[in-house]
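Order of writing sets the chain letters: A, B, C and D. Residues in each chain are counted from 1.
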Amino acid sequence: MTHQKLRERVCRVNRSLGRSGLVLLTWGNVSGVDRASGVFAIKPSGVPYDELRPEAVVVVELDSGDTVDAAGRPSSDAPTHRALYLSFPEVGGIVHTHSEFATAWAQAAQPIPCLGTTHADGFAGRIPITRNLRATEIEDAYEWHTGMVVAEYFDDHEIDPGATPGVLLPHHGPFTWGVDPESALEHAVVLEAVARMAWYSRVLAPGGPEAPECLARKHFARKHGPNAYYGQK
Amino acid sequence: MTHQKLRERVCRVNRSLGRSGLVLLTWGNVSGVDRASGVFAIKPSGVPYDELRPEAVVVVELDSGDTVDAAGRPSSDAPTHRALYLSFPEVGGIVHTHSEFATAWAQAAQPIPCLGTTHADGFAGRIPITRNLRATEIEDAYEWHTGMVVAEYFDDHEIDPGATPGVLLPHHGPFTWGVDPESALEHAVVLEAVARMAWYSRVLAPGGPEAPECLARKHFARKHGPNAYYGQK
Amino acid sequence: MTHQKLRERVCRVNRSLGRSGLVLLTWGNVSGVDRASGVFAIKPSGVPYDELRPEAVVVVELDSGDTVDAAGRPSSDAPTHRALYLSFPEVGGIVHTHSEFATAWAQAAQPIPCLGTTHADGFAGRIPITRNLRATEIEDAYEWHTGMVVAEYFDDHEIDPGATPGVLLPHHGPFTWGVDPESALEHAVVLEAVARMAWYSRVLAPGGPEAPECLARKHFARKHGPNAYYGQK
Amino acid sequence: MTHQKLRERVCRVNRSLGRSGLVLLTWGNVSGVDRASGVFAIKPSGVPYDELRPEAVVVVELDSGDTVDAAGRPSSDAPTHRALYLSFPEVGGIVHTHSEFATAWAQAAQPIPCLGTTHADGFAGRIPITRNLRATEIEDAYEWHTGMVVAEYFDDHEIDPGATPGVLLPHHGPFTWGVDPESALEHAVVLEAVARMAWYSRVLAPGGPEAPECLARKHFARKHGPNAYYGQK
C-alpha cells in the first residue's frame, strides 16, 4: 500500500474527529496533504469513524483530482479539500464538520464576531462567511466551487489563512485548516467553542459590543506572534 | 412464539432508541411492519427500554388493529402507527419520540424550515406540521386520527413521504419513518439534530433566510437522487 | 436505630437524585413520610449524595418538627417539607432541587405554561408559581413559610396537588411530591424536562400558543384518569 | 524540590479543574499561595491537565514576581494571580477559566444579576464586571493590570472579596478565589451554574425582576452569616 504513513495519520485524526463531539453520524471529514508526493489523503464517504482503517483512507492526486490506489470512494467533499490545498500552499490538513453552533451561524448567514479573548486566542479577527454559491456553481462541480469561493473571499479581503484558520459556508457549515491534520482538528474544536460562546453572548445582548481591537490583538499576539509567551517552548 | 424475527428486530431498535438520547423515561416507541404477514410489531406501553425483551413486543394486525399473541398492551400510540402503515404503503418502520428540539418546534406550532445542507441531506424541504386535531377527533379514536391527519397533510400538499420521512404533530412531537425500523430511527436522530440547529439559527436571527433552493436540492440529490454519489455503494 | 426502613428508602432516593442530573453539589433533597409513625425522614444538610448512608438520614416528628434520634442536622429545607406534609395529607414523598430550567422559570417569576402533550402527560394544567414571601415571612421561620405559601396557593386556586404534583417558588426553584419518594423524584425529572421544552418553545416563539385544552385533558386522562390505558396494569 | 506540599495541592486542584467541565483544551488555571513563605504556585503554561505533575507546577515569589526553582514557564496569567494575592490578603487560592456562560456574560459586557437563591447561596449580590482595560494597560504589563483593575473595582465599590468571591473581566472571562485552591474551584463551579441559570432566565424574560433583596440576604446569611445553619458544623 502506497502512502502508508499519510493514510495512518489521516485515519487517526478522523477517528479523533469521531470522538470530538463535533460530528453526528458521518457528517464530517479530515484530510492531510503530502506536498512532496503531490497527493492528499481523505476519509472515504459514509464510513463510520470507529470502523475506519488506514487502508480504506482514499489518496487523491492534487493536480488531477484522481484517486490513487483506492479501495473506495473519497468523501464527496474531496474537491473542496483539493481546491483549498491548491489555493492555500501552507495548509497541511483540513477538517469539515457540521458542528452545531458553527452551523447555526452559517445557517443564519452571519460571520462569527470576535467578542472576546477566547476567540482572539485562536483566530485573528472575525471568522468570515463566504458569499452564496451561484446556481451554476452548484449545478456543476459544486464541491470544487465550495473551495474556490473560500479562496476568493480570503483573496478579496486580504485575509491570511494562517491567522484565520477557518471559515463558514453560508447555509452549510465550517471548514478549518492548519499546518497538519491535528492542528486543523484543534481549530475545528476552537471554532465550535467560539461559535457557542458568541451565540450565548449575542442571544443575551443582541447587537452587543465586539472585543476592543487592542485586547484582541494582544491575545492573538501573546499566543501566535513573534514574541509569543504562551506555552512551554 | 409467532413473528419471532420481527419481534427481535423491533425489540433491538427500541433498545437503540433508549440509548439514543432522544427519549426520557418511556416517552417513545418504535414499530416495524411485515406486510406479507399483514402485521406490525410495536413496543409495549410503559416498559423501560433496557428491560424490553422480544417476547414482550406486541404484534398487531394491520387490517383489524387487533393484537396477536400478546403478553401485554401495545404502546398507546399503536393506532397512529397503524394509520401511517395503511396510508404510506412503502413505509417499513416508524418511530415516535418527544425529543427536545423537535418537540420545541411542535409546541411552537411551526414547521422546521430548511436552513442548510444538514437538513437538505436528510429531508427534501421543510419538515411539515399538521393541523390541530378537532375536539371530536381527540375525544374518539384520538391516536388513529393522529395518524390520519398526517396522511391528510401529505396528501393535500402532495408531499412524498419517502423524501420527507418525518412530521411534527402540533403541541405533541415528531413521528419519523423509513424503509425499515433502523432507518426510521436514523431519521428521528437526524430530525432532532436538524431541529436543534434550526432552533439555534432562528433564535440568533429571527426571520433569517432559508437555504437557497438550488443548494438544498443539490444536497438531497447527491445523497438520495438517481445519481447519488455519497457513500460507498 | 429506629425507622430503619424509612431511612434506607430516603437514603436510596437521595442517592438517585444525586445521579439524576437535577442537582449540582448538594443543592437538593428528598424526604419520605411515615404517617402511621408521625415522622418523616430527610437528607442531612450539606452531605454529598454519594456519601450518604441510612444512619445519617434525619428523622423529624411531623407534629413538633423536632428531630428524632439524629446523628446530624436535617436539610435546612426540612420545615418546608413538614409544612407540605401537614397541608397535603396524600403526599408520601417530597423532592426539592435547583434544576436548571425549572429554576430559570422560577427566576423569571413565571409559571410553566402547558404547551404540549409531554407536559399534559404529567401535570394537569400549568405548573404554578406562588407569590413572593413577605419580608416578615422571610425573616422569621422562612422555610416553614415557604411551604405554607405553596399550600395557600393550591387552596386559593383550588388546585389538586395529586394532579399537579409540583410548584415553583419565585426566585428560588421547584418542589415536587408524590405518593412516595420515588414518584416525587420522577415528577422532579418530568418537571425539569417540561420546563426545558417550554423554555425552548417560548424562546423560539415568545407568546406562542398553549396546548388546546381538549388535547391536554385527553393526555392527562389516558395516563392518570379512571379509564387510563397507558402502561401495563 | 522546594514547596513540595504546595505544588502537590495546586497540581491536584488543576487536575480537578480539568475534569470539572469548566475548561476546554488548556483554557484555565489554578494557583495557591503560601503567605508565610511569600510564594504562590501556579499551573505551567499550555500543559494538559491530565499530564500535570507536581514538579512541573511553577513557584512564583509574591514580592518580585520571579519564578523559583522552575522547570518551565508559569501560566501567562500568573501576574494577574499575583496582583490579586497582593490586593486581597485573605485569599488563599485563585481560579481562572473561560467557562461558557460566565464568558457569555463577560462577552456581553454585563454583570451577572442576582436572580435567585442559587446565586444568593454563593455570592452576596451581583457578580461584578470590571471596566475595560485602557490600551496602554494592555500594551504594557497586560496581565498585571488585569488583576489591578479587579482590585480597583472592589475598592471603588467597597465590595468584600470574601462575600463576592468572583468577578468577570469584560470580553474575557471569570476569575474566582477562596480561602484555598479547593474553595476557589468550588466558587468557579458555582459561578458558572449561576451564570447559566441567569442566562436562561434573562433570555426567557429580558429585563425580568432580580431577586427580592431580603430573600437574597437571608440565603447568603443562612449559609455564610454568623448564625449560619446550613451544613453539619
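Points worth noting:
FYI, a residue touches a chain if its C-beta (ideal position, glycine included) is under 8 Å from a C-beta of that chain, and two chains touch if they have at least 3 such contacts.
Since the structure is predicted, the reported quantities are computational estimates derived from the model, not experimental observations.
Among the other chains, D has the CA centre that is most remote from the centre of chain B. Between the CA-based centres of chain B and chain C the separation comes to 33 Å, rounded to the whole angstrom. Between chain B and chain D, the centres computed from C-alpha atoms are 47 Å apart. In chain C, the residues that reach two or more other chains under the touch definition are 203. Pairwise chain contacts in this structure: A-B, A-D, B-C, C-D.
Touching chain B in their complex are the following residues of chain A: 24-25, 27, 44-47, 72-73, 76, 98, 100-101, 103-110, 132-133, 135, 138-139, 142, 171-173, 199, 202-203.
On the chain B side of its complex with chain A, the touching residues are 115-118, 121, 186, 189-190, 193, 196-198, 200-201, 203-205, 208-209, 211-212, 214-215, 218, 222, 229-232.
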